[in-house]
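Listed next: structures, encoded as structure tokens.
There are two complexes below, and they share chain A, which is joined by chain B in the first and by chain C in the second.
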Partner chain A sequence: MTVAGTSSSPAVKKSGRAGPFKLLMRNQLAGFGLMVLAVILLLVIVTPWLPLADPDITDPSQRLLPPLTPGYWLGTDQLGRDMLSRLLWGTRVSLAVGIVATLVAATLGSTIGLLAGYFGGRVDGTLMRGIDMLMAFPYILLALAIVAVLGPGLLNALYAIAIVNIPFFARNVRGVVVTLRNREFVDAARLSGKGDALIVLTEVLPNVLPVIVITMSTTVGWMILETAGLSFLGLGAQPPTADLGSILGEGRRLIINAPHVATLPGVVIFVLVMSINLLGDGVRDALDPRLKAGALMRPAARTRVSDQARHTAAQKQQGLLDVVDLRTEFHIGTEVHKAVNGPTFSIAPGECLGIIGESGSGKSVTAMSLLGLVASPPGTIMAGQVNYRQENLLAVDDERLRRLRGGELAYIFQDPLSTLHPLFSIGDQLVEALRAHQPLSYRAAWQQAVVLLEQVRIPNAKARAKVYPHQLSGGMRQRVSIAMALANKPQLIIADEPTTALDVTVQAQVLKLLNQLRHEQGSSLMFITHDFGVVAELCDRVAVMYAGELVEVGPVAEVLAKPVHPYTRRLIACVPDVNQVADRLTEIPGLPPKVNDLPPGCKFADRCDQVTEACRAAPVELEALTETRQARCIFAREVL
Partner chain B sequence: MTTQAKLEVRELVKHFGGGLTLLRKQRPSVQAVRGISLKVVSGEILGVVGESGCGKSTLAKMLVGLDQPSTGTIELDGINLKGANGKVNLKQHARRVQYIFQDPISSLNPRKTIRDILSAPLMYLQGLTKQQRQQRLDELMTQVNLRPEFLERYPHEFSGGQAQRIGVARALAAEAEVLILDEPVSALDVSVQAQVLNLFKDLRESLQLTYVFISHDLGVVRNFCDRVVVMYLGRVVEEGPVEAIFSQPRHPYTQRLLDSVPGQSVRKLPAEDDAVELPDPMHPPVGCAFAARCPVATTECRQSDPELETLATGHRVACYHPLSNSNVKDHD
Partner chain C sequence: MRSPIWPYIGKRLAMTLPVLLGLTLIVFFIMAMIPGDPATAILGSYATPDNVARLNAQLGLDKPLVSQYFTWLGNLLQGDLGRSFNQNREVLEIVNERFGATLILAGTALVLCSILGLLVGIVSAVKQYGLVDKVLTLIVLIGISTPAFWLGLLMIMLFAVEFRVLPASGMYAVYGGGDLPDLIRHLILPAGTLAFIATGVIARLTRASMLEVLRQDYIRTARAKGLAERRVIYRHAFKAALVSIVPVIGIQAGFVLGGAVYIETVFQWPGIGSMLVTAISTRDLLLVQGGVLVVAAAYVFFNLLADVVQVLLDPRVTS
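This part shows the complex of A and B:
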């Protein structure tokens, strides 16, 4: 009964990915920013206890002393006040105002964003139009107007700056909340009896916090600068209180005679804002999930292939495509995920090979490795050969691979909406596919595109060539992807779950079409799926994958009628049959092994009901049982 | 099985969009559900099948109170969901009808532990004290075959099947009598799918639950449900006991669905023309919505929409020319 209980060890394994702080420190500029800021913060915090002159005590006899004068390290200003002391106290004020203004803006702006995003409709319209109005004024003008109304003073300047920055928070937060509001966990919370207020505070807010922190870290520097600006104009800090802006403003008049009075606060503002911005950018990069997922990393044009695999010459060719001991791994942080663990198979000309497996079995990575489509980093092909017509595709140069991709070797993906370009008509996209491989004029290519659309049975192809992907239904879009794959007379089409996203009646049509086209054009098909019905419908042979290995290979009818490997047998048994009713569905207990922690012996051993000591002791090889059938099980011969 | 209706739906209609723009122009509206009436009997599993866009998920959302019908009524044990003030008291309703989501992971808040997630219904719907909650949490985890120490973990640490068990535990925490299962296993692998389906069956036995099971997988429906409702473009086209629907479907659409299951050796209808496309839910056709794809459609079908009519006990079909064994031949 405790099915799931056995699957996971009590000790949670730490993921190999770096945490946010580690990521932050990996960014050297951010680390530098953090260090500078830490020094400044430390200095201003201990300022009251430092042996400094009072910043407000004037001494006309000591006025405008240059820096490095004994007793006055950084000199004095026009009233003889110690510059070092004034700068430190001024930085204190500037920082405090900047941070408080940021907190005020963040609180108000986030509240507006949360309410607008969560309630939508009229609330959203009213609040966001208000924000738009706030944004329509130039910020400094708005700040000036606010200070003019409230009167000059540090506190009023703080309000002005905070109000001016509310829109940044409101807009960012609203954008995130709008997507969160439609997430299922919000509905689930509602069904758990939570009211709107609780949902906003306990479900939505925790998911928005990173965005608020990111926005704060990138605006705090800006706010310090704005405060300084207002003080510089005489609207912020009023004498005798000084912040960096007002010191700068006072020094402006003396810039010729005593440049240090204006230069020093300028330098401090620069260093302070720079350090905060560097750190802020770092914080954003570390926290933003899109950047964390590697959106900034440019993937290589083809998967990285290890030296060993790159210099392997092609073995003797057997079928149209021979895959020999292919090994693809993902290196994430300190972990190695072994996704593909040495499948060996070949596809004959005109044959349809089905690759079947559950999610995480490595079937898609296998297919993508063939043409070097696995994202690198983190993917690497460690070993193996992919031999196509006496050529090892892992060893060919980039140009040759580019010619083969979409030419002799075509690919159909699962989701046509994300593979077709939304801004080009489908005709144009076919033309592009054709002209990438054939020297055709635009007009000739267009005509051929229409022929291709007719081939995939798109009604009224001539007119339909001009429409955009979003104007087509899912089934029609998948036909377009098929047309694109057929564009350059492929020898082999690799189809990765092309019908999984489709409805069952549409799936039936697309499968029928693929079958017809395969026979018309005589191309081979490698069909990846998780559905035995689809395999039965379309394929000649089937290869069953588990944990990156092939566990059984054979003609479809034979494998379905008499599966040899326990996994195949149980997998077939647990598919509910539409033609008959079973009292209780067969289940496979447990979960597939994690690919970063594979057992040494049979990978299915933990879930197998026939497991013995021998199964776990050593790796089990894929064994040829008859001329056409292979299986990776030590009991295979007894079964067959 | 008693024939007392647990949930009864009458003339349910839901359209999205519509209304007028600022310039008084008519906005386009999508008619997701176009007049559905059905009963769910206490203790049964009612399957709702149909393809994407047929309105089955909208129906599910309305049954659980997350969406409000445009017109029509939903009754639970004979009492209208809408109270005297015309609003659904979701908190009261959620104690009796709960929902299982299609995507188990995204229905769990990524920033909350399983304990927090499961405590919410215990706190807000059941009003349990801290000690009572602890005891109930342990019970719930045992009921869905998860180890109690999983309570302290976050959703991303679970596989799809485990996450779906947590979703089930959350629904059970509310002590609901009816569960609306919206494609609860379609995001799961087949080997895990069976684990979850068997869990549902066991829970129904032990807790006397009633299920509405929304699915597009006919194999699962046949093996899991007692009765089936087939939907097409926001309407019920056929309804009946699971055996009758699968062994002798009367509506051509039901037959088409069965024929489309990949790997079928016998197909009853001629293969569908490549040119057919689904009707536009913004402008549903006047007559039978399936007429354009139907091999037996006549002019009558295109002019008026057939009503559901009873053919045999409990077997109803909305078709002027229901299939019988005589007018379907075997095609392969």
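This part shows the complex of A and C:
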């Protein structure tokens, strides 16, 4: 029953997205619930004017007639009263009690939540301690205790159910108010001299309303169920008043001879509560911001690949891994984000290729596309080939891909804290990696895991293998990731900014270690970074990426000596030079273009200092300048 | 190599003391709210004011409420819950007799609904937005919207009256029962009904937290390692999801213990729940008080258990 903090402040206007009501109506189930509920409400409202028998008039000669008896559509009960009439009047009572109980609980609970959240400190402590105490009781039991004291009766049942539901409102509302308490608009109101009462009512309350509505819509169904329950037990409505629960309770003893007397009220309760719950879920989904963007979509085991790309056979291979015209897009709602726009490159055995670019340039998505690790939905690989040893990885079956992942093709991710599983020891995680690809016993794999940890220079590896990721430092954790990647002697390691999350001093150590170990194994390395300094130290060749395209490719020494693309020059200028008395770090002004709205011409044009009309007019192709160098700039030849 | 969990469990145990104390406070003050004068109630309306005052003094009711509470609490700690004036027996004795039956019913239902809820939730999450997910989501919603007492009646009509395969009421057969198979036969309907109603919340939460966990970076790592998808879901994702599900199973224990009141009434199960209903209608308030206290204490215990399980699952809690 937790509700996420709604982050809407009065100043923020939701744009582009459908409003809550539209979202609600788009939900078919919720619409169905609303329809059923509307019919019930209508029936219940017009009940007094319908040509029905009096629900309380008994007629011993017409006892226990079955449904569909002429004159008694739904039969009669043990006293000869008309069931249809009793059910309609009973529904009136049940609904009224449920709604009033909800309003009472909402008012009291929200008041407590507002006070506790707004004033904080002592007030908060005392009020919430009380709420916690209420919640320490099993839900229905507390209601029973209250009814026991107040005595059976419909009104007492209503109080009991309302009191029991206060904590839900208090907790949810307090949760939101706490986040609002120190927001600018509340501070502004305070500074303008408004009193606390006025601020709570005019500034805080409007922002809490969605939460109150969500909580109401999700609890009103329960409240109707529980009041019916108390009446069923004979503790709620007392004759001659009858609600659905008490009608059911009276009919309980007749289930063998006249089952309709007990079944029918149950059906009505069920339909009523079900329609309310359908609607309530819809309301929650429409008002809860977390669910709006469809954020809770589950990524599949493998990135979706378009039919066209899946049916492309591997081309003739040049290197160990050839990537040809790879295109990965994210489809979010009606928008298409083109993250990877056709890079073509190749990695030779034993080679280290650096892929460099700012964040958002598509380098990580490119890397993850190779092994189908892009979250999907929303990601889709639209076109291209990823050829590894005469096989197109986009076309191989799932089992083949699984065998390559972590086997011949290993991956090291950026942040080792979030990429290692928090609940398994590091030894355990290494053992898993080993046993996924090698037929080893657990014990043998464990021993090998310890050896791997020693290899990445983790002191006291034997004992450390039993440690959990949160017990290690960032540098140590990344060493574990490296050990995991090396576990099955991969042909190619894809390292996605493996040191960005680490301290500068630790970065150097980890990089050196990674490079040394991959040399020992003869593995190729695809190294993704935004730092030309690291590329210079580690890589043989470099590919510069911008807006999902390669803009320059070449041997590191040559590119450093004579960068052709203006973007490459800017990236190189970003590296602080210790030999110079640097006045300040050069930053690249501006931002990369939005990938859901790419310009037709050169994508760097807006940030380039030598841009011309021709740059923007038509797409600029990646041009081979020499045997080893390529660049995507119309001035490339002039510069070289 | 994880930090030892005993200190944490000790701390957690110590934390339940104030909760238990809070329970007694609430129960005591709810009971103190009873309108009217107990002495008058006991002696009848013809009692002389003098007699009423004497009985009040005898019962300690002339003292301030706070000191009454401590006297009451002292008695409670010695196992003195008072006497049921209807049955003229010690409350503790009656409660003791019936508590086991409730525990069997609620415990079985809790285990059943946890297993069912986890299974349904996982399948729903894995088949998100598929047909199976939609059908399961609908069934779960039906469970949440069904009145437990009504479903119980339907079950009796169907399995006890119509098909005559299972007993409709009681815990043991009157003649020749009393063994475990007999108990199980009697348990199936009530525990099944209670579990069906309670499954929904766990299933929904499991689905949501599985979906949440499946988006985490470490799941991508597991896939990048080349683990089979089944292992990714049932080992990596499920364990992480379980950490947030277990506390809710503890909370569901409260729902099941409360729902047992209806189920025990419908199936004439000789537990605390059906006892409470009778006690409330006959205004046997000391018996109500005793029953409520014991069930609430059981709930606290279930929550404690959930906490311990969570610590065992998640090494981060203790460090």
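The working rule: the second predicted complex is superposed on the first by the 376 of 640 C-alpha atoms of A that agree within 3 Å, B and C clash if a C-alpha of one lies under 4 Å from a C-alpha of the other, contacts with A are read in each partner's own complex, and residues count from 1 in each chain.
We take it that a contact is a pair of C-beta atoms (placed from the backbone, for glycine too) under 8 Å apart; a residue touches a chain by one contact, two chains touch by 3 or more.
Because the structure is a prediction, the values reported are computed rather than measured.
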Does the superposition put A:537 against chain B (first), chain C (second), both, or neither?
-> first
### Task
Look at A:229 in the shared chain and tell me whether it touches chain B only, chain C only, both, or neither; answer first, second, both or neither.
second
| query | For A:359, is the partner it touches chain B (first), chain C (second), both, or none of the two (neither)? | reply | first
Check your understanding: Touching A:561 in the superposition: chain B (first), chain C (second), both, neither?
Key -> neither
Looking at A:457, would you say it contacts chain B, chain C, both, or neither? Reply first, second, both or neither.
first
Worksheet item: Touch check for A:203: first (chain B), second (chain C), both, or neither?
Response: first
*Go through the superposed model and pick first if A:511 touches only chain B, second if only chain C, both, or neither.*
first
After the superposition on A, what does A:183 contact: first (chain B), second (chain C), both or neither?
first
Residue overlap on chain A between the chain B interface and the chain C interface none
Chain A partner, complex, touching residues on chain C are 1-2, 19, 22-23, 25-27, 30-31, 33-34, 125-126, 128, 141-142, 144-151, 153-154, 156-157, 161, 208, 210-212, 214-229, 231-232, 236, 239-240, 243, 253-255, 257-259, 261-262, 265-266, 276-277, 279-281, 283, 285, 288-289, 292, 295-296, 299-300, 313-316, 319
Within their complex, chain A touches chain C through residues 129, 132-134, 136-142, 144-149, 151-152, 221, 225, 228-229, 232-235, 245, 248-249, 252, 255-256, 259, 262-263, 265-266, 269-270, 273-274, 276-278, 281, 296-299, 301-302, 371, 373, 375, 398, 402-407, 410-411, 413, 415, 418-425, 432-433, 436-437, 463-464, 466-468, 470-471, 484
Chain B partner, complex, touching residues on chain A are 1-5, 7-8, 10, 12, 183-185, 187-194, 198, 203, 206-207, 358-359, 457, 459, 473-476, 503-509, 511-513, 530-538, 570-571, 574-582, 584-589, 591
Listed in rising order, chain B residues that touch chain A in their complex are 51-52, 64, 66, 90-91, 94-95, 98-99, 101-103, 106-112, 117, 120-121, 123-125, 145-147, 149-150, 153, 157, 159, 161-162, 165, 167, 170, 173-174, 189-195, 197-198, 201, 216-220, 222-224, 242-243, 246, 256-264, 271-272, 274-275, 277-278
